[in-house]
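Take a look at the structures listed below.
Each of the two complexes below includes subunit A, the first together with subunit B, the second together with subunit C.
On to the complex of A and B.
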């Protein structure tokens, strides 16, 4: 059993965290008081003094005295032992009963097991206090009855926990193996199941002890638990409430004792749970990411609809910020369709999101220029800015199911753009929404408008999403993998729809896809991205014939076409796609490039313009590639 | 498609009603058995050792305790259908009258406390989520988490006593106890509401942060809606499922919490009467009150599940 000895002791692990330290010290203090205070103070606490009954706080009696002149603070201290002890006793019943009842379904046959489970589920539906009161009636008013009542009332919840935990263990391989080896059921539970759920059970026992303590105080407070002349905190609270007019401290001091002890158990349990590997979200402790924001006015291209220069997207990380998009520059003309292609992680989606101004904290976007319709995209996000982008720039996302608000009808989701940006009334906005749904060729648009997103098929949802983009009069549609989540036939229809919208309205388009075929069919121009930079920019018509960057050529070669032998596995590009965090000084593609030499690895090639609309970043341009990837 | 939706609703309705009825049967049986599980003679215990033997015998006869168990159970159940909840041993009055007289006092503070808890939790939870989004304002985040854990962990009876000590005794702003004008409702309702409010606010914040990262919220930002619309129309409704689930669980606890709070404020409701009856061993009253509280909680759970199904139609298709 080396695996068990190796495991950290959960209660030692607690001590290593600051909050765990505090909780442990608090709990230690409570337990120490519970042991020492009854021995030290019981006699003093029971000392009656008729000359000083029902006094308020004074130097002699810090919390005042009760109806028999006894010191309240001393009585609260002396009651620690009884209060904590009874709570622990009740917790023992909870844990033993809960573990037995919770593992019972594993021991007995299936039908009885199912009955036990449904009884547990029914009992759990009732609050613990109601169960405790029920059993307090049966076991009678008094200390014994209350211990049994709280113990038994806690069993269903603990049994359910045990059952859920052990059910997950019982399905594991080593348990099946032990079962096949003929290990008896009881032995199976004691030797194999319980040790593996021990940690969460212990954590919940600590929390359960806190709940028992609070519940016990509640019962004693109601007069159903500890009876005179015995006293615990709840009993003192009860007596204190009677004297609250004269001396509020007589109720507050036992109350505070209950809160402290209850919290000590609870916090300790929570800290243990955290120490046991529930990961606490680590906060990024890096410097604030700042990038130069000087607007570059030098080469403003007036004819461009969208103009992007040196676009960067930076995300904070543990060590140093990761630059996911590293200086991307391009223009889109009015009515032009530009595609960005690349493997996942190339930064293409982030480029699209950054242009659409949808990158959120902690991500940081910077650019030397980011202009749309001749105006800076990044300006004060006021109503005018929202109206401008809300009507002129449409965004279509990859997953149409996740991209609609599930709780709202489709028509309303389209219509709210009309209300927000076009000043339409509710009815007129809805009419426009139905018109747009008709434009994107939804069958029965009136009906669809009244449906919820989950009631539409994937293709219909994506059409509705495109229709939503058309609620304004966009001059640019940014579509991020719009067909990836759809099957092939629907994919084709959606692409045709996008193409027809382009033709009819002269809308420009930025289409992101990992699918080179999609890009080639829809776009005029293709940007190939790798490792956060553009490696090649060329007309879509030349993609298959005149690509010059080794990466582009590799991408083209791995695309299956009609001649591809279906019996053979699909070819892939050798090596792993570079992730943004590990990009070095040289060419981003150097590690996977069959042509790379030392020069490529040490210095990054610039993206050079051939003045005919083509750009490429490679030192080895036009060197023939003989061994690109796995040739089909 | 409509057919499918309708079918899933029918299946859900049948399944959920079946579970409700099964729980009610178990509850009635448990309440019935209560008086029989008490060791010794419950009538003797209630009337005290000095009560004359023929009085005890007469009460036993009147309560039907001398009949065979199955006949008693049959009469108990048929009595319930007639609205007969038994007779108090100590006062000899019908328990149904006691409940009719006191039910509203309890239902009102439990209901008000639920509404107040939601009204506090919704803006606080959503507001903190908006403010701490994207790892901002770390100290506010930590402070809120600590406060909500602390407040959520203090039981309602201690909150109640603290409120009495400060606002009734020391400051004298509110009456210490009893049910009188509207001001007498404030302390009991706050005592019941504040813990659940802290818990709901914490859950709502976590849920809202998760929803804010959902794709559909990104869509609303792409639509350039006002932040207020995004949060209230798109984020908040989608946190309701989780919030209502938790709140529904807490509502049951709040209903039972009235037992403690009513004892503090001498509130003339079912809870304070339940405690008195337990101490005076007036078992028929205890039986009936356990039944009322239990049925109330089962009903709350049923309503919550139906509401959840209505708000999130997909959940009806899930196997419970």
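On to the complex of A and C.
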């Protein structure tokens, strides 16, 4: 499921988290002090008083006085403006320089771009503080020199960040489209690239400002930053250190100021970075929804291999939990191939994942019954049960690359299943792995077993994945879009392979696909899902001829095939596929159904069994659709 | 005379020893107002070929002619080409930070419409054309569904009043119930506005439905080209036949299990020209 929820402004989102709130308040306090304190206290802080030199803390001077009798606390407060201001100035240099250098590879031709990139990479290799010291010496001791030094020393890291981020955006199609439209390179960067990388850049700017502040204080402390009679926190720390045995507060107070301001910038940046990520609302989290745990024995079907009743998958959401699968019931007999067909958001993949016990948090699965070979399939802690299940139930995913560990040889990964679930010795397991790779018709199984996943083609990888499922002796294969990522010719081979495995071993199969032709050609029975429920259950052979639900009939019609009339527009289904969060009280398909009336919109039709193995959920069953084919 | 003509077009990625020729001398012609379907599997080079034609990828050989005139091969001259393109993934082809009206205007600004009022009028006309009149130019891509986004991408492509429109897998990221709407719209617009269309897809049934002529691409070469129905009815190249065979037919029975003998392992590796 893709989340299309609108992203809020991350800097507003920061305020809603507890740590973000503290960081924002702290940062606000620092910035406020930086503006007000210099105006209010500068004169007082510079007031010399020869009668009270190097005094300790007292009621009059809370942090004592320095060698000229000036109040240390007032001086630290007054220095806030200078310290923070210079840090921000240096940060400005970092950001402007970094963004220009980082986007330069997009502006110039390839060869120059590559040179700029390697230049940045080389500069990043030097530690920032070392660079700052180096530049400080070059630019000369003093405030200007220090600002330039810290600014320039920070540029490479920021440039690299900008470059990485902008390179990923520059590869997107909307940039290609803009280029095709003749948009100039500068405008391309300003309008298309920068707005899309702004958030991470701003977060890093905040963190960078904290680092600049620390670096600046460091330089001043070393005596190559701010020079007398000016003073910042680093300078004050330096002066305070001389009198630390007389008055410890003279060093501690500027130190604390540096720590607080540095922390404020860094914490704010970190909090913003966290707010950028997707957050799970905490209120609902962890509150497990439990349906009737009591196993529903009413219609126990002894012959069923898999028996599912009232299966629900629920996800927490901002307002109320979204029920992505809303009460699905079906059986699979031994050796039967059942297909689930549906569009995105129909809940078909989640149904499969729920059966395979693979729904990840924060998703919650509940069911009145979920039985496999007569035993409840709930995630038991029992290791022996899990091991047994691993040999009985195989799962095949759409993307085999993501299912294999990229750094392990194929044979080893298969063998591991044999060792783990079958208790085989290492040698025997590897032999079985090679046998299985031969079974799935890899040309040279011994060689393939020694290859890494990326060395196989997509089709071969998918076969290896199927071979992995066959390491045990499964009685059910759950395949979630197993051929969607494959080319048509390869898809055919993989489907043939699955068919021959079924024929040889009598394995049952649950095949999930959005492609109705795949389902029709492979399965005995089809479950049509829409909006989280099963709307029709019928034999695959009758899909084209006698589907009864308007959605099923439309789904058959809308997909062009080799016999589609080229002279006429394709029949269409108006509107958008329902998403689980929008489903109302009535029939899930009512909003797009040409037959829907008020009754359909107000009450959901039950999934009725005709006692001959077909089920359909529709109030208008068998009413001819007259408006089909009318384009909008 | 052909409107768009590719002559021995070659594209090479990488250089030196690691160079790979992805498009290996393709010659194609598109007649004015017709639809050329380009079909091939992943890695066949079909997307690279059209990206080279519009100037997004530099050619390493050959030339591209429009109305008989060779086009500048330097990629920076993309703006001068009378082609536009609709991309596969509508979630990636629209700038998430730009309102859809701005996205369309950006293409217009470099074309004819000059005054602000005339630009806004043109945007409204284009949105109306693709059936998005109720959405309005101020919508952000995030507010739209996949099908609606693809309509915006189509409006943007039409804004430059292209002579040749290239549609690269425009429905493969969409749900099947939405696919029909986009295909119908594309066909209607092509018939109404009379541009030439290069329609790229891996789905032979969709290509057959959309195209007047079909070119089959495999491993960087065109292996067969001809009138759509002729290619479907009597393919001459073995690869075309394989592609056709892999498409499930309406009246065909179930997928048959492969024989117990290891008959044709890994044919995907063996298919060659």
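Details
Just so we're on the same page, the second predicted complex is superposed on the first by the 332 of 632 C-alpha atoms of A that agree within 3 Å, B and C clash if a C-alpha of one lies under 4 Å from a C-alpha of the other, contacts with A are read in each partner's own complex, and residues count from 1 in each chain.
Operating definition for what follows: contacts are C-beta pairs under 8 Å (C-beta built on N, C-alpha and C of every residue); 3 or more make two chains touch, one makes a residue touch a chain.
Computed from a predicted model, the values in this text were never measured in an experiment.
In the superposition on chain A, A:57 makes contact with neither subunit B nor subunit C.
Residue contacts after overlaying the shared chain place A:495 against subunit C, while subunit B stays out of touching range. Shared-chain residue A:85: touches no atom of subunit B or subunit C. Applying the stated touch rule to the two superposed structures, the subunit B and subunit C interfaces on subunit A have no residue in common. Subunit C contributes residues 41-42, 51, 54-56, 78-81, 83-85, 87-89, 92-98, 103, 106-107, 110, 131, 142-143, 145, 147, 153, 156-157, 159-160, 175-181, 183-184, 187-188, 202-206, 208-209, 228, 232, 242-250, 252, 254-258, 260, 262, 264-269, 271 to its touches with subunit A in the complex.
Taken in their complex, subunit A has these residues touching subunit B: 118-119, 122, 125-127, 129-130, 133-134, 136-138, 140-141, 210, 214, 217-218, 221-224, 237, 240-241, 244-245, 248, 251-252, 255, 258-259, 262-263, 266, 270, 283-284, 356, 358, 360-362, 383, 385-387, 389-390, 394-395, 397, 399, 402-408, 416-417, 420-421, 452, 454-455, 465, 468.
Those residues of subunit A whose C-beta lies close enough to touch subunit C in the complex are 4, 6-7, 172-174, 176-183, 191-192, 195-196, 343-344, 438, 441-443, 457-460, 487-493, 495-497, 499-504, 514-518, 520-522, 544, 554-555, 558-564, 566, 569-573, 576-577, 592, 631-632. Those residues of subunit B that touch subunit A in the complex are listed here as 1, 5, 22-23, 26, 30, 34, 37-39, 133-136, 138, 149-150, 153-155, 157-158, 161-162, 164-166, 169-170, 176, 214-226, 229, 233-234, 237-238, 252-253, 255-257, 259-260, 263-264, 274-275, 278-279, 281, 283, 286, 290, 293-294, 297-298, 301, 311-314.
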